[in-house]
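Shared between the two complexes below is chain A, which pairs with chain B and chain C, respectively.
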Partner chain A sequence: MLTTFQMQALLTAAVWTAGLSLIAFVLGGAVGLLIAVMRVSANRVLRGIAFTYIQIVQGTPLLVMMMLAFFGLSILGFDLAPFTAASFAMVIYSSAYFGEIWRGGILAVPKTQWEAAECLALHPVQRFWLVIIPQGLRISTPPTVGFMVQIVKNTSLASVIGVAELTYTSKLINNSTFQPFIIFSVVAVLYFCMCYPLAWWSRKLEDKLNVAHR
Partner chain B sequence: MSPIVKLNNVSKSFGSLHVLQGVSFDVAAGSVVAIIGRSGSGKSTALRCINGLEKINSGEITVCNHHLHHDVTRAQLRALHLDVGIVFQSYNLFPHLTVGQNIMLAPRWVRKQSKPEAREHAAEVLRKVGLAEKFDAYPEQLSGGQQQRVAIARSLAMEPKLMLFDEVTSALDPELTGEVLKVMESLARDGMTMVLVTHEMAFARGVADKIVFMHQGRVWEEGGGEMLSAPQTPELRQFVGNGL
Partner chain C sequence: MTYTFDFSFLAEYWPQLLKGLAQTAQLSLLSIIFGFLLGTLLAIGRTAQSKLLRRVCAIYVEAIRNTPLLVQMFMIYFGLASVGFKLSAEFCAVLAIVINVSSYTCEIMRAGIESVRKGQREASDCLGLTWLQSLFLVVLPPATERVYPALVSQFILIMLATSLVSQISAEELTSTAARIDSMTFRSFEIYTVVALIYIGLAFVFRLGFWALSRLVFPRLRRLGTPL
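For the complex of A and B:
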């Protein structure tokens, strides 16, 4: 069985996994919102930039982005710590997906909502941020939370650049104890414990927030 | 009284479809004008042109001293929307906001009212439409008639000089229609200038100072409520014949 020390190591690693996920949620979400807004903007150049960004990121494996962020950037002279490089890759990765998910939500808001806001003399920026965006994000809640679960699981790829998160640490312990079944079962449970609340929360939100589309 | 709305030879087409073909009529300040006509006669389009939701191709519309041509700017439209309120057939309340928030949104952000001020004002217009107790409800918790009354209250909160109603009771059953019409009647009594597109002939006859009958994109006939009892054109005769 696992020793207390090994269990502690796994729990510490789980904290790093959670931290990396949290960074992807918050910073990736912020950049993603910007991308989504650019993507539906009336400005062709902004739309084009956002579109290209999304295409490139969605067409690149996250694993490769991790290595690019760590090894690639260090060749260019940016010597990033593994965790920083992994965060960087996660933020870019999640922002492109968030951007595309939210774009769909924003476009799904009926045109009559724009009209109603316009007829109340709201400024175009106010129409967008007060009326359209809140509804667009609400519509996108289920796919958003679904993608957050993906983010948690995909942080495991940070193990390839030596971030001491859950997967990396479990491999390390397994190398010295040779109890793969036990160790990886514990790790799977730990991942599940992080993902399940998100899935549960998603269902709750769907019930609560989708009042507009019942 | 000088007209608050004046359409002068207005034309509008969607592609090759000529929806309005030289429409002219006036709305006197403080009066109620009902636009009636068959589906596709251009009545809703005429109404939407009055507050700039549709751009006109030619002619001129003057609304509360704002002049709308075919090349109206965004800033002009915004200025227009400060003076003109509209209520839609499908209510178009903001589903993510409570009734109170729906009503306070524009006064807060556009009129820059303080929160207590906007709140008091919202409560007042809600009382006017008989829904004072629904301040914290969400639109989806209300019946269609109640939602439509909230939409009227939301427009009223901006203190418009003119209110437009685009088939506001068409989606409602007779009972709910009645409660909405009652609110509109009381607005008319208070002297609000109103232009409404409607299928409610009895309401048009009872409340409107002027009725405009549109047919094939033109004003076919206009006059007071008595016009419905003594139609001059075969088209209007047929139209009211079906309804009465």
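For the complex of A and C:
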């Protein structure tokens, strides 16, 4: 079985996993909102840029993005720690998906809301940020929380560029103890404990928002 | 920035990349086909009469969907080897991905099955169809057609996720890239090329699934509208 020291190492690593997920969620969410807004903007160029960005990011495996961030940023002259490179890749990755999710939410806001805001003489900026965005984000809350599960799980890929998160630490421990079933089961349970509450919460939100169709 | 880009390694290594591409495509197709079959079976179990069967399928799906694919792969590859099953890395890779994709497919197909109206089921009962006949002739075809776009997205994601099998030393595009990288030290260039190949492959897959939808859903072909 695992020693106390190994258990401690795993829990520390779990904190890094959670931290990386949080960074991906907060920064990725900020960039993602920008992408979503660009994606529904009236300007054709902005729409095109956002669309291309999403297509490229969604067509590339996160593993390859991690490598590109790790090697690419260092040749640009930034001497980055693996954690920073992994955060960078995660932010790019999550921003594209958030952009698509929130675009769906924004488009799902009934057209009458746009018209009503216009009738109330709201400026287009006010209309968008005070009327449409709050409702759009509310509609897309369940898939957003659902995607957070994906973020937590995908931080496991940061292990390939040497970030000492849960998967990396478990590999290290396995290399010295040779008990893969035990160690990876423990790690799977740790991931499950982080992801399941999110998945559950997402389902609850969905039920709550779906009152009309129950 | 004093770095000069150098893509000259491509001249020498492109046959290897091409082979990696073929391996990735093969791995993806195998995983998608078996994952879809297993996932559909699970979805049938998830909507079955028996409460026990429903519960078992639900636990399986939740356990798989809330743990990372990488950890599942390690568990299968290193774990099975430690208890005496010596399986090839390629087989473990397909096994892990099939298990993973089946749980996602299950949830998608369950939504499809539940979207088929109860009256259809009752009508097929009245026509004297057996349970199997009504399932395969009445319920599954429209169910699949309705959730087809979601299935395609999931399958593309799985195609991208096959890059993970490089971590258990199975041969495909990303592991080929890592090997070329270790020989040429042109990390950024090689991963850029590989990223472009993946984007192209994702596009080809999307196109292929679109063509498939025209082929297997005759109603869609004739009318051109979603169900």
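What we mean here is this: the second predicted complex is superposed on the first by the 206 of 214 C-alpha atoms of A that agree within 3 Å, B and C clash if a C-alpha of one lies under 4 Å from a C-alpha of the other, contacts with A are read in each partner's own complex, and residues count from 1 in each chain.
As a convention for this text, contacts are C-beta pairs under 8 Å (C-beta built on N, C-alpha and C of every residue); 3 or more make two chains touch, one makes a residue touch a chain.
Predicted, not measured: the structure shown is a model, and the values here were computed from it.
When both complexes are overlaid on chain A, chain B and chain C end up sitting side by side without clashing.
Touch criterion not met for A:A108: it reaches neither chain B nor chain C. In the superposition on chain A, A:V15 makes contact with neither chain B nor chain C.
In the superposition on chain A, A:A81 makes contact with neither chain B nor chain C. In the overlay built on the shared chain, the residue A:K171 is in contact with chain C alone; chain B does not reach it. When the two structures are aligned on the shared chain, A:V160 is found in touch with chain C, with no touch to chain B. In the overlay built on the shared chain, the residue A:L122 is in contact with chain B alone; chain C does not reach it.
When chain A is checked against chain B and against chain C, the one touching more of its residues turns out to be C. Once the two complexes are overlaid on the shared chain, A:C195 sits against chain C while remaining clear of chain B. Of the two partner chains placed by the overlay, neither chain B nor chain C lies in contact with A:V26. In this overlay, which is a superposition and not a single complex, chain B and chain C have their closest Cα atoms 25 Å apart.
In the superposition on chain A, no residue of chain A contacts both chain B and chain C. Taken in their complex, chain C has these residues touching chain A: 1, 3, 62-63, 65-72, 74-75, 78-79, 81-83, 156, 160-164, 166-167, 174, 177, 187-188, 191-192, 194-195, 198-199, 202-203. On the side of chain B, the complex with chain A involves touching residues 51, 53, 74, 77-78, 81-82, 84-86, 88, 90, 92-96, 105-106, 109-110, 138, 140, 154-155, 158.
Residues 112-113, 115-124, 126, 130-131, 134-135, 138, 211-214 of chain A are the ones that touch chain B when the two sit in their complex.
Those residues of chain A lying in contact with chain C across their complex are 55-56, 58-65, 67-68, 70-72, 75-77, 149, 153-154, 156-157, 159-160, 167, 170-171, 174, 178-181, 184-185, 187-188, 191-192, 195-196, 199.
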